[in-house]
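One chain, chain A, links the two complexes that follow: it is found with chain B in the first and with chain C in the second.
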Partner chain A sequence: MSVGESIRRVDALDKVTGRAKYTDDLADKCVLVAKILHSNIAHGIVKKIDTSAAEAIEGVVKIVTCFDVPPYRFPTAGHPWSTDPHHQDVQDRVLLTQHVRFYGDDVAAVIAENEVAASQAVRAIQVEYEELPFVLDAQRAMEPDAPLLHEAYPNNILGHTNIRKGDYEAAIKEPGLIKVEGWYETPTVQHCHIENNISYAYQEGQRITVVASTQIPHIVRRIVGQALGIPWGDVRIIKPYIGGGFGNKQDALYEPLCAFLCTQVGGRCVKLDVSREETFVSNRVRHGIRSHIISYLRPDGSFAARKLECFSNQGAYASHGHGIAAKGMGAFPQLYPCDNLECDAYSVFTNRPVAGAMRGYGIPQAMFANESHIDDICRVLQMDPIEFRRKNMMPVGYVDGFSKNENYVDSLGQCIEKGKEYIDYDRKREEYAKDTGPVRRGIGMAIFWYNTAVWPISLETSSCRMVLNQDGSIQLQMGETEIGQGSDTAFAQMAAETLGIPVEQVHIISSQDTDLTPFGLGSYASRQTYVGGFAIRQTALLMKQRIQQYASEMTRVAPFDIDIVDGNILRTTDGRVLMTLGDLATEAIYSLTHSQHITSESTYQIKNNAYSFGCGFAEVEVDIPLCKVRILNIINVHDCGRLINPALAEAQVHGGMSMGIGFGMSEQLLFDEKTGKTLNDNLLDYKLSTTMDHPDLVARFVENFEPTSAYGTKSLGEPPAVPGAPALRNAILHATGVAVNTLPLNPHTLFAQFKEEGLL
Partner chain B sequence: MHEVQYKLVKCTINGRPVQTMVDVRASLTDMLRNDYRLTSVKKGCEVGECGACNVLIDGECFNSCIYLAVWAEGKNIRTLEGLLGPNGELSDIQQAFIDETAVQCGFCTPGFIMTAVEILETGKEYTRDELRKLLSGHLCRCTGYENIINAVENTMHKRLAAKK
Partner chain C sequence: MYDIKALYEATSVKHAVELLQAHPEAKVLAGGSDVLVQMREGKLAGKELVSIYRLDALRGVSLDADGTIRIGSLTSFSHITQSPIIRQHLNVLGEAVDMVGGPQVRNIGTIGGNTCNGVTSADSGSTLVAYDAVMQVEGPEGVRLIPIAEWYVGAGRVSLRPGELQTAILVPLQKYQGYKGHYIKYAMRNAMDIATTGCSVNVKLSADKKTIEDVRMAYGVAGPVPMRAPAAEAFAKGKPALEETIQGFGEAALGDVNPRNSWRASREFRLHLAQELSKRALRETIRLSGGVV
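== the complex of A and B ==
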């Protein structure tokens, strides 16, 4: 048994000794260095670029401008390609652009012998723009007179989808209904992985190799091919260890540009190492979403009708497109089913940094709105928030018509019970309600559900390869990527479990190389342990069959009477150990009668999805005069099915909780209204949580094995980041009676709100 | 041709006396990574905000990205690579990071461990809140810091118990 044990991470030793190599550690010392010239206006057309002064700088090898790049438009989203043109991602990027659409867009690039020369040359390039008006707010951008970013998208609307169920207009006429309405707004935040995006590229023959810090090597291969207009097979992507991703590296960022620059200097190795400031402005950010919710309730606390409108700030380019807002909207009617619904979600282009995937993919924004609104309802109805949720939340037996996801057991109820008990909810809810002084305590909570992987919206597939060594150990190769979450360890445990060998005998190859690694889509959508599990189990069973067959040849025992247990070949009829797997493997390779290198490889296409559930509870102390909030206690409870590695699962939840707290309390990117410039593009002014900004993080689990899953598991990667912000907001509401509907809940936000409500 | 100014820097790195010519504009991060290939010294911001490049200089922690290489003259510098014992044994704090699941992507890990070394070498007992403050110069996006603080705290208690 290996699944279910808290074994040590397979990569921990290399990471605590400094032996683990990341992209920059592997780059040759003598690489050429590339730097990008970013626009210093929010919207305009490049009229002229004068590179003469820059070219005169010693060490400059080549300057490439927006007038020199190939004409191919390409998509950047880390989605599986669709062979149906109607389902393909929006192709709105070129490598360098003549039409700049945000402050920080990519206009030109310098390749130089060293970083200093490259930086000096970037500063020496003179760009002449024709400036155009710009717009930063999503709803403002939808107005008829707003500046247009992309001609193909009138009113700047990249996407608009809706849900209609029952008859909202008729339903709200029911007598005696109580209306609750609110606007909820989440800020633009950034992933802040500690390793910035970096890549380097070199040519061998006509082919280009790009070594990159990416979550999605096989997808980046396709996008580099599309961007350069070359056959996809001419591109090779290598992904070494990476220093975090959180969705930012689920886009092709600068890998296509790096590959192109390499071709412009005769295939010499070119490195494009992005600075922290560029990571904030010119990579991807989380969509800021403004949501408007109206609920009509009966006095018994049941929903009669609900309406939702979401306005998602897409920034300047489509990236992941409308998927984020659509996913957030989709969560709304499933969490609290209601017979009469009107939901609309809009993704709107603005002249702001490009929004893409970020841990939770629209659900943290949606749950902030949704779960804040539920507590607003409870205040009006004077109902306990947990009682209200239990009455209205997704019932056991609920099946979603589209995904076919099913709520098999009362996971939400079990999670709530566990969290409630841990934090002593009932007693504190009552006790804190009595607080009246300047410093008051409060307790709040929020629930959520989350999908596992992307089926049926997109393809779900995973491939795996196993190779048996002479000593009975195996190499395991997956197209799915280790980005810090611990998937390599979980994969090794799964392979060991099905094959019947000790986990130490599984050597997982952490790096992906698109020339060598079986096809996989990569790390996103909390998919990997779920989808990877199918491919591993199927491939391990194939491998086992071959081993049984070979053992049968050697021993004349029937294959069906042979099993592998703890690395030994066993006769199952009496449990006798016939030989070790190592003995068999050595014989199989060196046999003079039947030499066989035992390997297996297979692809599994997954046509299932699974609901993952959970909740968060937060206890706060609010200093009203100082507008400061101290988090006293915080807990997340998850049902992600069977825990493959409980210690790693817990660690994953800690990280998500910290991100949820940052989203709730302190993080936001600020933009200058006059220029569109990002004002706090650094880790000093952007308030990422430090060790001092939250209390001990508590993670608990409920384990209801997922019936559709190869190993009983389902999504856990993103869900931990979801409930923190609404739980904290609801705790502040409990403490102060003030419903704060704008994140982050920092003193700036609270001061305005407390003042308005007469607390100050 | 523009003449780059170089200077000979002699120092001790991980117990070994070394010397090399460095560009006077180079940071200590550059020197450690490029000249000595000590790639545990990571670059996360290059302006002293994230702590990924942290190393010990004469027993004290510094963000090496904002410390000039030429200032290292005569100094005793320690990086994560220097923590292993003579036969490759892990130090107690490295083992604790493994055992407490304090490692995820691993990019901030070297910097954190070197600050932990500084804390542990004081031989003092700190409260958990004090440890939080002492570790607050490092940013991590994966772990929520929980297990990192546990690793440092547990190692501190073990060392203090061993002294008694």
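== the complex of A and C ==
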């Protein structure tokens, strides 16, 4: 048995001793260095670029501008390709652009012998622009007179979808209804993974190899091919260890440009390592979403009708497109079912940094709006927030018509119970309600909706390869990627479990190389333990069959009476150990009568999906005159099915909670209204929270094995980042009576609102 | 990789002064936690540097015969915090510089650098201003002593002449004897942050601990440079160490500050903080001095 055990991460020692190799560790010593010139205007057309002064700088090898790149438009989103043109991602990028759409867009690139020469040359390039008016706010961008970013998208609307159920207009006429309405706004934040996006590329023959810090090597292969207009098979992507991604690296970032630059210097090795400032501005950010919710309630606390409008700030390019806003909206009718609904979601282009995937994919924004609104309702109805949720939240037996996801057991209720007990909710809720001084305490909570992977919106597939070594150990290869979350360890545990061998005998190959690794889509959508599990189990069973067959040949025991337990070949009828798997493997390879290299490989297409629910509780102390909040206690409770590795699951939740605290309390990218420039593109001015801003992070689980899953597990990658912000907001509401509807809940926001409501 | 035009390594203060005279455009490099950051950002790219980092004579905290506390300009923040002399006589300074950045920056960053870059948010700045510290500089014309009130000329500018180097920061006996100080760094994070507003207060109570014999307060980020709060000080001096005085002190402080409206914080919020922090800091210094409020 190895599934369910908190074994040490397979990469732990290499990572803590510094032996683990990341992209920059692997780059050739004689690598050329590339740097990008970004626009210093928010919207305009490049008229002329003068590179003469830059070219004169010693060490500069080549300068490539937006006038020199191939004309191919390509999509960047890390989605599976669709062979149906109607479902393909929007192809709106070129490698370097003449039409600049945000402050920080990519205009030219320098290749030099070293970083200093490259930086000097970037500063020496002169660009002449024809400036155009720009727009930063999503709703403003929808107005008829707003500047247009992309000809093909009138009113800057990239996507608009809606949900209609029952008859909202008729339903709100029911007598005696109570109306609760609110606007809720989440900021633009960035992933802030430790390792910035980096890649290097070199050519051998006609083929280009790109080594890159990406979550999605097989997808990047396709996108590099599309961007350069070359066969996809001419591209090889290698992904070594990476220092986090959180969705930013679920896009092709600068891998296509790096590959192209390499072709411009005769295939010499070119490295493109972006700075933190570029990561903030010119990679991807989380969509800021403004949500408007109206609920009509009966006095007994049941919903009569509900309305949702959300406006998602897409920034300058489509990236993941409308998927984020649509996913957020999709949760709305499911978490609190209601018979009469009108929901509309808009993704709107603006001249801001490009929004893409980020941990939670629209759900942190949606749950902040939803769960804040629920506490607003409770305040109006004078109901306890937990009681209200229990009454209205998704019931057991609920099945979503589209995904066929089913709420098999009362996950939400069980999670609430566990969190409530841990934090002593009822007592504190009552006690803190009496606080009246300048420093007050409060307690709040939020539940959340999540699901696993992307089926049925997109393809879900996973492939696995296992190779038996002479000593009975195996190599395990997956297209699914380790990005710090611990998936390699979980995969090794799954393989060991099904094969019946100790986990130490599973050698997982961490790196993906699209020339060698079976096809997989990569790390996103909290999918990997779920979808990877199917491929691992199927492939392990195939291998086991081959081993049983070979053991049968050697022993004349029927294959169906043979099992593998703890690395031994057993006769199941009496439990006798026939030999070790190592003995069998040695014989199989070196046999003079029947030599066989035992391997297995298979693909599993997953046509299921699973809900993954939970909740968060937060206890705060608000110093009203200082406009500061101290988090006293915070807990997340998740039902992600069976825990493959409880210690790693806990660590995953801790990381997500930290992200939730940052999203709730302090993080926010700021933009200059006059120029569109990102004001705080660095880790000093962008207030990522530190350990000193956290209390002990507490993670608890409810383990209802997921019936559709190969190992009983389901998503845990993204959900931990979801409930923190609304739970903190509701705790501050409880402490002060002030409902803050704009994130982050930092002193600036609190000062303005405390003043407005007379607390200061 | 840093874009450094040339690096000159000084072997003595005299040599450093010669190097600065020979290379008038050069920047002084001490711990590098500010200069190298600006160089990386491009602001100081391509500059010459005169490194004084190896001048160990400029490191350490000592007491002069007349009781003056002498802090060598190259003393790191963490060494200041750990210094027994600072702990005994000027604990607030050790506490203030212990709020700079994180441990790594506090190990490399120096108090000389923190005061010579002339920034208003420097965590050492407001406390040194509140204690009327004296800057010792050495240059072609020898040693000069500059009262800190004349040190800060404007945002990012100090009264160093060409070829001059700050070598020590002095706090005279009468400025600290009998005083207790408290510094509040108000920032958006509890670590790795820059002050939104900093407030440093020190008081000397009467023997019976009932009267404020003297009080000095200085702010960071309440104006372009660290600045004293004369109106608030005048209000509280000689008054009883009571809550009423504390409230009046906070109100009077509003007349002393002139913060900026910026994207980092609104003027209104900074004014609010100036008042709130001054009260809290005064209350704490009275408590530290044995008073009861």
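Just so we're on the same page, the second predicted complex is superposed on the first by the 760 of 760 C-alpha atoms of A that agree within 3 Å, B and C clash if a C-alpha of one lies under 4 Å from a C-alpha of the other, contacts with A are read in each partner's own complex, and residues count from 1 in each chain.
The criterion applied here is as follows: a contact is a pair of C-beta atoms (placed from the backbone, for glycine too) under 8 Å apart; a residue touches a chain by one contact, two chains touch by 3 or more.
These numbers were taken from a predicted model, which means no experiment stands behind them.
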| item | value |
| --- | --- |
| First (chain B), second (chain C), both or neither touched by A:Ile447 | neither |
| Touching partner for A:Ile194 - first (chain B), second (chain C), both, neither | first |
| Partner chain in contact with A:Ala651 - chain B first, chain C second, else both or neither | first |
| Touching partner for A:Ile474 - first (chain B), second (chain C), both, neither | neither |
| Which of chain B and chain C A:Leu626 touches, first, second, both or neither | second |
| First (chain B), second (chain C), both or neither touched by A:Ser666 | second |
| Partner chain(s) touched by A:Lys21 [first = chain B, second = chain C, both, neither] | first |
| Chain A residues touched - chain C or chain B, whichever exceeds | B |
| First, second, both or neither for A:Thr690, with chain B first and chain C second | both |
| First, second, both or neither for A:Ala735, with chain B first and chain C second | neither |
| Doubly contacted chain A residues - partners chain C and chain B | 116, 683-684, 689-692 |
| Contacting residues of chain C [partner chain A, same complex] | 1-3, 42, 45-46, 186, 188-194, 196, 263-266, 268-269, 272-273, 276 |
| Residues of chain A defined as touching chain B within the complex | 6, 8-9, 11-18, 20-22, 24-25, 29, 58, 116, 191-196, 241-244, 246, 273, 275-276, 483-486, 647-648, 650-652, 654-659, 682-684, 688-692, 694, 696-697 |
| Chain B residues within the chain A interface of the complex | 1-2, 25, 33-34, 38-40, 42-47, 49-50, 52, 79-81, 83-84, 90, 94-95, 97-99, 101-110, 113, 131-133, 135-136, 138-149 |
| Complex interface listing, chain A residues touching chain C | 114-116, 119-120, 123, 625-627, 666, 670, 672, 679-680, 683-685, 687, 689-693, 746-748, 751, 760 |
